[in-house]
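Next up, some structures in structure tokens.
Next, two complexes with chain A in common: one pairs it with chain B, the other with chain C.
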Partner chain A sequence: MEVAQGALLGLVVENRLEITNCFPFPKHDDTMDEEEYQLDMMRRLRRVNVDHFHVGWYQSADVGNFLSLPLLESQYHYQTSIEESVVVIYDTKKSARGFLTLKAYRLTPQAIAMYKENDYTPESLKNLKIGYESLFIEVPIVIRNSPLTNIMMSELSEMIPEEEGCKFLDLGTASVLEGQLRSLMDRVDELNQEAIKFNRYQLLVVRQQQEKHRWLLKRTQENAARATKGEPPLPEEDVNKLFKPHPVPQRLNPMIVAGQINTYSQHISQFCSQSLAKLYLTQALQNAKEAKQNN
Partner chain B sequence: MCIRTVMTYASPVFAHAAPKALHRLQVIQNKFCRAATDAHWCVRNSILHRDLELPTISKYMKDASKRFFDIAGSHPNALYARRLTINRRIPPTLSVGHETYLPIHLTLLQRQLKDLMTSTTRMTDLEREGNRPVTVSCDILCRDDFHQASSIAHVTRRRHSHVPSGRTRFDAVGFSEMALNLVVKVHPVVLFQIVDAYERRNADSHRVIGTLLRTSDKGVVEVTNCFCVPHKEHEDQVEAELNYAMDVYELNRRVNAMENIVGWWATGNEVTNHSSVIHEYYSRECREPVHVTLDTSLSGNRMGLRAYVCVALGVPRGKQGCMFTPINVELITYEPELVGLQLCQKTVGGGGRSRQVQPMLDLAQVAEAASKLSGLLDQVLAYVEDVVAERVQPDNEVGRQLLELVNSVPNLAADAFADAFASSVKDLLMVVTLAQLIKTQLQLNEKLTLLTSQ
Partner chain C sequence: MSRFFATGTDSESDSTSEDEPVVRAPAPVYTFSDDEEETKRVVRSMKEKRYEELEGIIHSLRNHRKIKDFSSALASFEELQKAYTRAAPVVQKEENGIAPRFFIRALVELDDWVTGVWTDRDGRKQLSKGNSKALTSLRQKLRKYTKDFDAEISKFREQPDLPDDDDDERKESSSSDEFEDEDKVVTKPRRSPEPPRRPPLQDDESSDSMDWGSSSDDSSSSSDDETRGATTLRERFLKRTTERDDEEEQDRRKKGRRKEQNRKINKKDQIDDGGEWETVRKGVATSDKPKMFAKDAEIDAALVVKKLGEVSAARGRKRTDRRAQLELLYELRTVAQQHNLGPALQVKLRAAIVAALFDYNPKVSDAMKPEYWSKLVENVDEMVTILLAHEDMVLSETILEENEQLSQAPYRIRGCLLTALERLDDEFTKLLKECDPHSNEYVERLKDEVRVSMLIDRVCQVVERDGTGQEICRAYLRKIDHLYYKFDPRAVRKDLPPGEETSIKKMERLCKYIYAHDESDRLRTRAILSHIYHHALHDNWFQARDLLLMSHLQETVQHSDPSTQILYNRTMANLGLCAFRKGNVKEAHGCLAELMMTGKPKELLAQGLLPQRQHERSKEQEKIEKQRQMPFHMHINLELLECVYLVSAMLIEIPYMAAHEFDARRRMISKTFYQNLRASERQALVGPPESMREHAVAAARAMRRGDWRACLNFIVNDKMNAKVWDLMVGAENVRAMLGRLIREEALRTYLFTYSHVYASLSLKSLADMFELPRQRVHSLVSKMIINEELLASLDDPSECAILHRSEPSRMQALALQLADKVGNLVDSNERIFEKQGSFFQRGGAARGEGRTRDRPRDSWNRRTRNRRRDDERSHDD
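Right, the complex of A and B next:
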């Protein structure tokens, strides 16, 4: 899926990050230098007194699919070079339905440590105490406008018809829910594959352990026999040569998929709760109508 | 002829006085000619003038003003030869004022011209009325070439080829129908950017200008983006950083190849003297640029949004001027834009104070809409009660709309609705349960994975 991305400009004031401007990145193209484009753009914006500190980036997304390895990578690089940077995720489809969805995320310190060590074995994850829920931390977003902008908006409100922008009261749920559930199912399948992979690995490890044990037992018996014969004992270190440890499956992908499933299910519960609310609204309307007809 | 020099002094300025007034001067000249030649009473004035090789007052004045303006046009004086930073000459102007441009106020004329373009019946009316003088005022700025015109101008059609002395005709040369029926549709994001640019202006500047971007379709200009161009305005010149504008435009093209220059914007509530110079630049960048102004100075306690097109006017074979004509401007939004705007509008707090808002959860938004709806219903109910109690004058139109509203509530049978309602609720509750179950499973999965690996 094609996503829109861009840079956020702003500055840090006390304990908050103010994002005051942004500009889009060009679509990926080998012919031009993206870094140069960004610098050019920032230089130009500085000329007209726009805050020129790069404080993060934004990306469009559809429900939960923003969570991915590239996002993790980019945000890692941002956060290591610019400490305060955030990634702002804008949900296009949901906003088109009438619910503005704007979320800001930052990597947790554990996630940064994990990415730095580039070690995704279950053991190191356990040591870092990191899971899919502690990959990112959500930063609350607050919208502020200058008084002059507010004046302009009250002017604008007169130019927009009152009845517009009520699309979110649409009662239809089937298509949206179907799409979301389908994506959720895909993700669950993927996670299932990963789980199977991991189980197989565990099985292999267990079997190897047993074999190793058996071999060692055999070797000790042999050595005991040799000792009675007065022969030198065979080395027991051969065990490591014979039984190479199985590669430990990387846990990064399952973690990301789990994170996606988590966001999907959150979205679905939200969607359901608001749909229920709308249904009960309709019921009230219907009841009122029936009561009137009965009178 | 020293008397005539006195008589026609500063004729370029008063040459368009009413013919009757000029006729009086002609009478005086006639008397002098008759006295000088001691001619018999039966000799005609025209013969006298011919024999004396003396032009009539009107002819003399016409030639004088022609000479005057020709000189003015190519005067080497620095006043006329002002330069823009891009080395473009500002066309010279009449020396009546000391400003570079002579503002001419032309509403009525403009209206007439508009009518001329749009309706043929009006055109014939105008023809019948011939050279009816038109007084013009306000709103429009005419640049230089209207020296010959001042507060009175004549609307005539092009086929009159001669220029009566001291009179100017406005030609509908660049007055295409499209230009005036043009509608500018502005996306809110553009206005936000303009206001932001104004708030971030340099301490010494009072006005901010910039470029508007988007494709202009037939009859509709949809403005989707804009950027600010740094510039400085002095009394007599404008310094706009046009290189900057070009660079930003090129950079923007890399991202949005679809966006083209359609015009330019400025803050303030009027088209100023400098506007035409800037406009001239933009008319090189695109065909028929539009000019949008947003009144950030809040004159009249409103933030007026206006759009103009520049219409070329001029004397045939003479110089061309232009006039900024207001055109319709509308607000257009994409659906998500509207959603965002509605949230942003919540920052307008009570008492004009601004406040912070957070994006709402879905449920909260529905709840808010419900309370708004019930508020509106209360309002309607109160109105209906008032009408029934004859406290308010009933309005048929409102009544019809209300009836339509009541009828638009779908008429579902009670049990059919109950069925549909129950099944929907069941579905949704099921999905909620499953979603929660999945979340629990996820946590379990993670915990187990970490547990089993020693």
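Right, the complex of A and C next:
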């Protein structure tokens, strides 16, 4: 999926991060050096006396499937080089329906530790006590407009006809839900694949263990026989040479997929509760209307 | 005139022909005739030998100059240098170190020629890359080399017309630049009463090949009789040079012949210095015909046969000159004709000529030359005529040489007409493949097809008369090969006058004979395939299909030889087209699927090679594959094939996709089509369709929406008509059929996709919507109801289909699907957990638990399976 990305500029003030400006990254194209572009951009902003400290980046997302490997990676790099940086996720679909959705995230210390170790085996993940829910922490966002913007907004709100802007009472839920269900299904499939992969790994390990066991047994018997003959026993360390441990499947991707499923599910349940409320509301209204007509 | 002219340049001169460095000794051609030439050979001195060598190279250099073959000229020049170095000691000894005049002359000529060409910029630009490169390097090398001979060259330039061996003239040295002394040259008086043979030749050349041209002007400015002498001489040599030109053109194609001719010309030079030059032009055969028999010998059949034996004994030997052999055979035939030695001998001689003609082309993979091919046809034709004219003549390969009966009535001759015919036909195909199929040449060649067909017909008559069953089968198969791919408009006409034999009937007759009498499976298989092909071509769908099904060829064909497989593919392609024309879309798709699935129908039908990828095949393989290619006029239009395939796939796949939208594992019917559709759907922006494929995909997408009108417009429009549909027989019918089918399938798709939003559907409005007759809609809807594709019942009085809302809504279906998937996930997760426990215990895990855990998933599965039935119940859950 194509996503829009850009840099956030601002300052740390006391215990909060103020984001005052931003600019988009160019679309991927080979003729331009992205880094060069960013530096250029910041240099120019500095000249016009705008905040020019890089404090993070933003990315567009669809419904909430923003969680991905590249996102994790870039946020890790941001956070390790610029301590205070955040990633702001802007949900285009939801915003288009009238719900402005902006969310800011930071990686948790565990996630950073995990990345530092660059080891995604189940063991290490267990030791770090990290799961999909503890990859990110959400940072609350407070939006502040300049007084000028506020004035314009209030002016605009007067210009909007009364009927408009009630889209949030829209009862057509099916299409939204369908889309989300489809995406959810894809993710579940993917996670299932990962589970199967892990399962297969387990099977292999178990089989290897058994073989090892058998081999050791045989070796001890042999050694016993040799001992009766008075020969020196064969070493038992060969077992590690004979049976190479299987590579452990990486668990990062399943974790991300699980995180995505989590966000989808949250979205769906949120959407459903809202829709239900709307339906009850409408029902009440309808009943009242009918009662009025009957009277 | 120097001595070395007297001996003539013989084989050495040929050895310099640079395209073939291997020196072949002249073939002993005249072994049968006389060997007076042999006596001419003399022991030559070192000087002669060296000079001859030089002379030969110079000669070929001249030839190259004439045809502007720079690369060859460059090679010759290098050779000349080498030869001169070799000759240097001799020069030192004999001529006191002064380079022989003819050598200098050659250098000057070459130099002038090169400068001439070099200055002609336009001409230079037109040269091929290799040639211009050669020209540059030749120029450089020449400059370097001529420096050594500066003095001699300038001297020569002052008196270019001196006889070659005249070198006692002393002139003051002039500048080395050629163009500066041009004027000087012009003013110099000529003094050569009897110009030697070479110079005029060179004059002539220089005047037409470059703008130097001074010497010819000079000669005209000198005394009268000398001019006359020069002109006549020039004329004489003009003739000769043109002749040599001809010769050269042939040269490039043939070595042996040229060698022959060169030799002859040289001989002529020696014998009659000037006289009968016309006879030389006429060619070898007439000039000095090999003498076959002693003048007074009594020529009878036995003698001719003996001679024939002699000639053919040389056949196939390495050093045999095939052309000479051919001439001998022709001569022998004329002799036999003159002496009226009977038809049988004629046939035998013709057979020998045919064999020699086949031999003439040394490479099997290349086609023989058209003129030889037509000679071949003539000869075979003549043989057939004689055979047909004489009832009692048998030509067979089973007759041994010694049992031949050539002189009287029940003639028996050894030979095989059929093999000759087959070979001839193959050569014809090769000839066709040789030329560009879009050129007039191809058309010209193709005209010969009639000749070949007629010949085959006549050979069939002969073979029918006295061949075995198998031979008749072979002959018939050849006939079939020329018949099966041709569309006979009479065969599809209804008002056919009775008694006229259409090609279908002819095929029927021939094939049936083969079915009955063939002993090798191969002929029968080919006959069946051709038969099916022919039926399919004429829209006899049922006959074609039945024949195919009866033959069970589908199972065995992969074990047969490639050319049969190609024929099978061609047959299947045509069968598919036929099925499509008849409106049997499913069958059409079935026939074509195998061909199109691989994505390389071009190769499968042997209609061209795919571009090479990473040396997939070796040179030999490619050669073999090239041999298998079909000639262009037998090709099946690939675009038509693909279009038919895509359209039939669309008509099947789209309703199927609509019907099985929620099936977890739905199969694709046509992978190729599906991929095309997917690719188009994935595109962000779809432009208006351009190619045939894009049209088909756009139509499919329109059909998915149930928009049959757009679909039909994409399939049937001017562009597609021109590209595809007009190529079909009965294009109008096909278009009408397409319209009907598209409407029907679009209706089905529509019902599958949108039935859930309806409570009831009026058949009348459906009929209006899809512009179909109401009965047709009725039957389609009924069929869908019966097949349980549409859960509805028909209400007759109101003409409505009442839909039963038992189908889960799309949302529900999705939810169910999700539940299924989550169930799977839970299952595999639990399995991981179970193992995790056993992982640490390091022992056999208790597997019994798994069974109980499986149950919920089982019930999920059952639910999805019977979700139509107990949908209500599952909602209550």
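To be clear about the criterion, the second predicted complex is superposed on the first by the 282 of 295 C-alpha atoms of A that agree within 3 Å, B and C clash if a C-alpha of one lies under 4 Å from a C-alpha of the other, contacts with A are read in each partner's own complex, and residues count from 1 in each chain.
Everything that follows uses one rule, which is that a contact is a pair of C-beta atoms (placed from the backbone, for glycine too) under 8 Å apart; a residue touches a chain by one contact, two chains touch by 3 or more.
These figures come from a predicted structure and were not determined experimentally.
Participant: Looking at A:Leu191 after the superposition, I want to know if it touches chain B, chain C, both of them or none. Which is it: first, second, both, neither?
Facilitator: both
Participant: So, A:Arg16: does it touch chain B (first), chain C (second), both, or neither?
Facilitator: Once the two structures are laid over each other on A, A:Arg16 reaches no partner at all.
Participant: Using the superposition on chain A described above, determine whether A:Lys27 touches chain B (first), chain C (second), both, or neither.
Facilitator: Once the two structures are laid over each other on A, A:Lys27 reaches chain B alone.
Participant: Could you look at A:His54 and tell me whether it touches chain B, chain C, both or neither (first, second, both, neither)?
Facilitator: Neither partner.
Participant: On the A-aligned overlay, A:Arg219 touches which partner chain: chain B = first, chain C = second, or both, or neither?
Facilitator: Neither chain B nor chain C is touched by A:Arg219.
Participant: Counting residues of chain A in contact, which comes out ahead: chain B or chain C?
Facilitator: Ranking chain B and chain C by residues of chain A touched puts B first.
Participant: So in the superposed three-chain picture, is A:Gln209 touching just chain B, just chain C, both, or none of them (first/second/both/neither)?
Facilitator: second
Participant: With both complexes superposed on chain A, which partner does A:His246 reach: first (chain B), second (chain C), both or neither?
Facilitator: Neither partner.
Participant: Which partner does A:Asn150 reach: the first (chain B), the second (chain C), both, or neither?
Facilitator: After superposition on chain A, A:Asn150 lies in contact with chain B alone.
Participant: With both complexes superposed on chain A, which partner does A:Leu177 reach: first (chain B), second (chain C), both or neither?
Facilitator: So A:Leu177 meets both chain B and chain C here.
Participant: Find the residues of chain A that appear in the contact set with chain B and again in the contact set with chain C.
Facilitator: 177, 181, 184, 188, 191, 195, 198, 202
Participant: Taking the complex as given, what residues does chain B use to touch chain A?
Facilitator: 188, 191-192, 195-202, 227-230, 241, 244, 247-248, 251, 254-256, 294, 296, 298, 302-303, 305, 330-331, 333, 335-336, 338-348, 352, 354, 356-359, 361-363, 365-367, 369-370, 409, 412, 414, 417, 421, 424-425, 427-429, 431-432, 435-436, 438-439, 442, 445-446, 449-450, 452-454
Participant: Write out the stretch or stretches of chain A touching chain C in their complex.
Facilitator: Residues 174, 177-178, 181-182, 184-185, 188-189, 191-192, 195-196, 198-199, 202-203, 205-206, 209, 213 of chain A touch chain C in their complex.
Participant: Any idea which chain A residues touch chain B in the complex?
Facilitator: Per the stated touch rule, the residues are 20-21, 24-27, 32, 37, 40-41, 44, 47-50, 92, 95-96, 98-102, 121-123, 125-126, 131-132, 140-157, 159-160, 164-169, 173, 177, 181, 184, 188, 191, 195, 198, 202, 248, 251, 254-255, 258, 261-262, 264-266, 268-279, 281-283, 285-286, 289-290.
Participant: Within their complex, state which residues of chain C touch chain A.
Facilitator: 809-811, 814-815, 817-818, 821-822, 824-825, 828-829, 831-832, 835-836, 838-839, 842
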